[in-house]
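Here's the structure, in structure tokens; my notes come after.
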Amino acid sequence: MAPSKAVVAHLVVLLLLVPLLSLLPFSSHALTQDLCVANRLLPDTPSGYPCKPKGLVSSDDFYSDALARPGPVIAPFNTSLASAAVKQLPGLNGLGISATRVDVQPGGVVPMHTHPEASELIFLLEGTLFAGFISAETNKAYVKILKKGDLYVFPQGLLHFQFNTGNTTATAIAAYSNQNPGLQIAVYALFGNTLTVETVNKTTFVTKEEVMRLKDLFGQSSVPS
Amino acid sequence: MAPSKAVVAHLVVLLLLVPLLSLLPFSSHALTQDLCVANRLLPDTPSGYPCKPKGLVSSDDFYSDALARPGPVIAPFNTSLASAAVKQLPGLNGLGISATRVDVQPGGVVPMHTHPEASELIFLLEGTLFAGFISAETNKAYVKILKKGDLYVFPQGLLHFQFNTGNTTATAIAAYSNQNPGLQIAVYALFGNTLTVETVNKTTFVTKEEVMRLKDLFGQSSVPS
Amino acid sequence: MAPSKAVVAHLVVLLLLVPLLSLLPFSSHALTQDLCVANRLLPDTPSGYPCKPKGLVSSDDFYSDALARPGPVIAPFNTSLASAAVKQLPGLNGLGISATRVDVQPGGVVPMHTHPEASELIFLLEGTLFAGFISAETNKAYVKILKKGDLYVFPQGLLHFQFNTGNTTATAIAAYSNQNPGLQIAVYALFGNTLTVETVNKTTFVTKEEVMRLKDLFGQSSVPS
Amino acid sequence: MAPSKAVVAHLVVLLLLVPLLSLLPFSSHALTQDLCVANRLLPDTPSGYPCKPKGLVSSDDFYSDALARPGPVIAPFNTSLASAAVKQLPGLNGLGISATRVDVQPGGVVPMHTHPEASELIFLLEGTLFAGFISAETNKAYVKILKKGDLYVFPQGLLHFQFNTGNTTATAIAAYSNQNPGLQIAVYALFGNTLTVETVNKTTFVTKEEVMRLKDLFGQSSVPS
Amino acid sequence: MAPSKAVVAHLVVLLLLVPLLSLLPFSSHALTQDLCVANRLLPDTPSGYPCKPKGLVSSDDFYSDALARPGPVIAPFNTSLASAAVKQLPGLNGLGISATRVDVQPGGVVPMHTHPEASELIFLLEGTLFAGFISAETNKAYVKILKKGDLYVFPQGLLHFQFNTGNTTATAIAAYSNQNPGLQIAVYALFGNTLTVETVNKTTFVTKEEVMRLKDLFGQSSVPS
Amino acid sequence: MAPSKAVVAHLVVLLLLVPLLSLLPFSSHALTQDLCVANRLLPDTPSGYPCKPKGLVSSDDFYSDALARPGPVIAPFNTSLASAAVKQLPGLNGLGISATRVDVQPGGVVPMHTHPEASELIFLLEGTLFAGFISAETNKAYVKILKKGDLYVFPQGLLHFQFNTGNTTATAIAAYSNQNPGLQIAVYALFGNTLTVETVNKTTFVTKEEVMRLKDLFGQSSVPS
């Protein structure tokens, strides 16, 4: 039987490695899974990134100050987002958890959105937020006014939102049940997409005029990460 | 130590059962997991329903003709939906799969929606559908015109849609990676929910007038199941 | 401590990439998991293939017409199989779903087989099939005659079969709870394997004469994919 | 809205419990998941049995001598099987592991079988076994002669077998990646099932005469548990 | 065949329910899994609690102020703990996430501990903490001084600790990748257990004198929840 | 848009492969998942190693005699450990199971330890062991004296131990619910780590003198693998 593409690919890798490897003394240390820090130079897999070699791992891989300050403001929302997912914090790889910081100015909003890959648990650090999610089964909104120190749960994949009902910036930390929760903001996905006005009108029942207005607002948007 | 509530609850169950059980000869047959048909009289758990006793299981538990005919028409969409999830087909319990039949009349639409708990693989039986989903990361729409015999994939949790671009009813079977995929239709969840016009406007950026128009259209809607 | 093999392998990859990478402007786009289309040039992992770079992904990755026509006929069964698993439809990677089309001629059969990695939900498009599976615990067969539009469930890993009891070709679409369900056909695995007649006789209790007859029939077989 | 069946069912349970509960002092002990010993009086779920109340758990729940002696001999195989799955060892509930002891007499066999829900790792305590499994993809048999102290792996869902090639009883311990691995023995499932001779012939390609002979041998069999 | 225990148990439940159910009008609402709020009156399962009936679910099930204030102080540690796991916040059921608040006084410590079921991501609200975990493979400690706004990761099951190196109380929120992370504090588990001094000495290599001293300190301890 | 780093990396791989690939006839054999033997030259991922090409897989990949003899003695414990995890037995990759052999001399001990990634099921081959684990919730020790042929369960992530109470070597086989269970020995992790005496004292409450004594004993230790 002739060798398959995959066999050849593996042999090529071995051929490239053998000369270099032979120049070097080896330790007997092997990779294991008590730690699997993301090697983001290699392609992702459905379970996460390949592991960085243990010898290159340091405590910096488990540390981040990405949430110490507000992220960049997203203009139409008067809200800033900062993320600490596997991209920013490679030690999260394979661990099923990540976090985001959201700062909502007075009058600001985190508009309707979903996390396709995660549930969310939010903790309010400062201010007041009106928060809620929509049940897929009943369209009932489960809402609550959150004050400093309050927690609220958003189950996986359901549309949810928050907006500031106070006079000061509201700051919250959100934790997710995934190293990379994903974020699909309804106004971006519905109106800032690459579909025509007609297709958006057809699939959202929003009038063409309103779709055009919203495409003008959100058509050049990109999702914060 | 005093017995806990849970201990007491168990003892009560045992007390109630013992007199009846003592009147009956027993087989030694125990429940196992090569089959776990849903007992839908008992409450669901995060992994699915408790198993029906093996002795009460028959081939009918694995059979359904729920997709043999179109489901009821949903008026504003000119589309009918019929479901075969664990509710209709209890043999699916614990197996991570289910199906739906969709019949889209000429001009009809399956509007923007997500399945919070499942990916979808659709197979077109008849007609022509324009189908697509929106990437959460880039807002790019991945679209395709589907003809009889075509397959298309909708990754978990992402907004997607189909509409009929032909002159005859388009019929498709959709399979899902979950015994209960869930269904959150954007127009229902965004406009047919229990939130005020102001809150919907604030969190969707759709004008209040348009929100009111859409609430009139979808305010009494319930999700088909 | 001397660098381990894995460290060296990583450094080699970096050395090879740095000169080329330095010639190119970069976007800041990173791979994420709202989509993980299979890169089948790289080796598979237990959770699926590494992801193709997002910039190379197109809607074709989510589309297939592999089930639009019957697959090749498998002579002794008078049945044809066509597959749409991750190999044919790379957009299925990591999503836990796939499909197959089976066309069974009058008198034809899908003989006893298992899918080691998946449960199955079958939908009959045309004709009549007698379908069933065998409980591992009781050896009871759960069987049903399926007509157009009927669904039947085959729980993960259990032996099951279908055969055509009508006068016209029966066509069905099967969906699986895995991107790659696997297929172990009993007659191939038991009689078309690389074991001796004696070993097959010893482990199946089928007489040596019958084993020889079946080895003649199925000895050169390979599993359709 | 009128209360649903499930609501009523819950209220009934509460009504029955309240009078008894009110007579008793309570500890504040709640169930948690560092331990979830199976309560086998309640129905199984796809993830395992409900947990026994913590106050009723003792070290006996984690202990078994079920593998200290050979199990009952299965006549046609000259092999005895003893199991330690969640049924025999309730402390395994939810933990993804179990074990079996197999004693194969000289000339005895563990015939072709699968575990629908688990991979297997076998360790030979005494004697000599010829062991192998069949790849689903290629029908290639991966075989090995095992001596005392040897390990062999059987991947999930694939047909595998062992037989004694020595003059003394061979004893092995098999561990499984599931609290309840399941066991489907090919001769039982193919020939000892409730299907007619014609159906078995049709779906296995074994002659009717041979099917009848094998049904006589295995028709009254039940799977050991 | 006589009905099994499980069949009888189910029949009993039905018998008890039928008379009450027949008095009531029913909605057609069924339980689904877009929400599965814990019904903590029923026993837990390996995947979480059975779901509360949808009709009894309210937004309070997704809300908690359990982390708005420090929890009770644990004397020897000068640290207080407050939990928001499924026990305190039933809406977390099945969602794979929970949180804890820890307030460490100047000089206080969160001693060496593990979460058997979860990884942890900690966010420092106020003060300064020295935090670290121990690699199982190398015994290397990965440590960091954390200031306000910093994040640190503790991979699943590994021993880790924090202590206050500043002059003010340090407050942190920890998120976990499980609805019920579990908590095994080394000094409690090693010295506050029900084993004899001899057994603890034998299995920890700490001198009997020191074990006795530590048993005096921690022998009556119970794990905060 | 300029190509991203990941795109370039993929193109580089393709450039390197194309010239070699073009010299070779190909079979159409593709990797699938009925087998995924670990290719340990490539980096691990959270779900396990990439698969070795099917054409290079042999029965040796599923076989090991690593547990046929006692492993090396660990001096202070008078115990020897031999492992058969994915590192020693690459056929275990992705299968969720592995094993260890432990030989405990008279007076020897397997000191308090956890497996961060796995539950354990132990089977005693010879001798007598006193075995136990500590509940995280209650600090209660669940203990048992094990004789030849006995089984005992240690739930995931909980501290557990064994010691020999007899006059002969006790030998046991332990199976784990993970291809790589991990091993964190309390005396190594608490006292043989890279932390200062002060930090260990602070986080374990063991006196500095005792910490120093234990660091002398275990400071140069490395975890057996």
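Residue numbering begins at 1 within each chain, and the chains themselves are lettered A, B, C, D, E and F in the order written.
Here is the rule we go by: a residue touches a chain if its C-beta (ideal position, glycine included) is under 8 Å from a C-beta of that chain, and two chains touch if they have at least 3 such contacts.
What you see is a predicted model; the values in this text were computed from it and never measured.
> Can you list every chain in contact with both subunit A and subunit E?
Chains touching both subunit A and subunit E: B, F.
> If contact pairs are compared by residue number, which of C-D, A-E or C-F agrees with A-F in over half of them?
C-F
> If you list every residue number at the subunit C and subunit F contact, are more than half found on both copies (same) or fewer than half (different)?
Under half shared, hence different.
> Using CA atom averages as chain centres, what separation in Å is found between subunit E and subunit F?
25
> Measuring from the mean C-alpha position of subunit A to the mean C-alpha position of subunit D, what distance in angstrom results?
About 41 Å separates the centre of subunit A from that of subunit D.
> Going by the contact rule already set, what residues in subunit F reach two or more other chains?
Within subunit F, the residues that touch at least two other chains are 5-6, 9-10, 16-17, 30-32, 34, 39, 41-43, 45-47, 52-54, 116-117, 132, 136-138, 143, 155-158, 182, 184, 225.
> Between which chains is there touch?
Touching chain pairs, listed by label, come out as A-B, A-C, A-E, A-F, B-C, B-D, B-E, C-D, C-F, D-E, D-F, E-F.
> Which residues of subunit B touch subunit A in their complex?
76, 109, 111-112, 114-117, 130, 132, 134, 136-141, 143, 155-159, 161, 163, 182-184, 186-190, 192-195, 199, 202-207, 210, 213-214, 217-218, 221-223, 225
> Under the stated contact criterion, what part of subunit F meets subunit D in this complex?
Interface residues on the subunit F side: 32, 34-35, 54, 57-59, 62-69, 84, 89, 91-92, 95-99, 119-121, 123, 125, 132-133, 135-138, 142-144, 146-158, 173, 175-177.
> Taking the touch rule as given, give the residues of subunit A at its contact with subunit F in the complex, in rising order.
The contact residues of subunit A facing subunit F are 1-10, 12-14, 16-17, 30-34, 36, 39, 41-43, 45-53, 93-94.
> How about subunit C: which of its residues touch subunit F in the complex?
Of all residues in subunit C, those touching subunit F are 5-6, 9-10, 16-17, 20-21, 24-27, 29-31, 39-47, 52-56, 87, 116-117, 180, 182, 184, 225.
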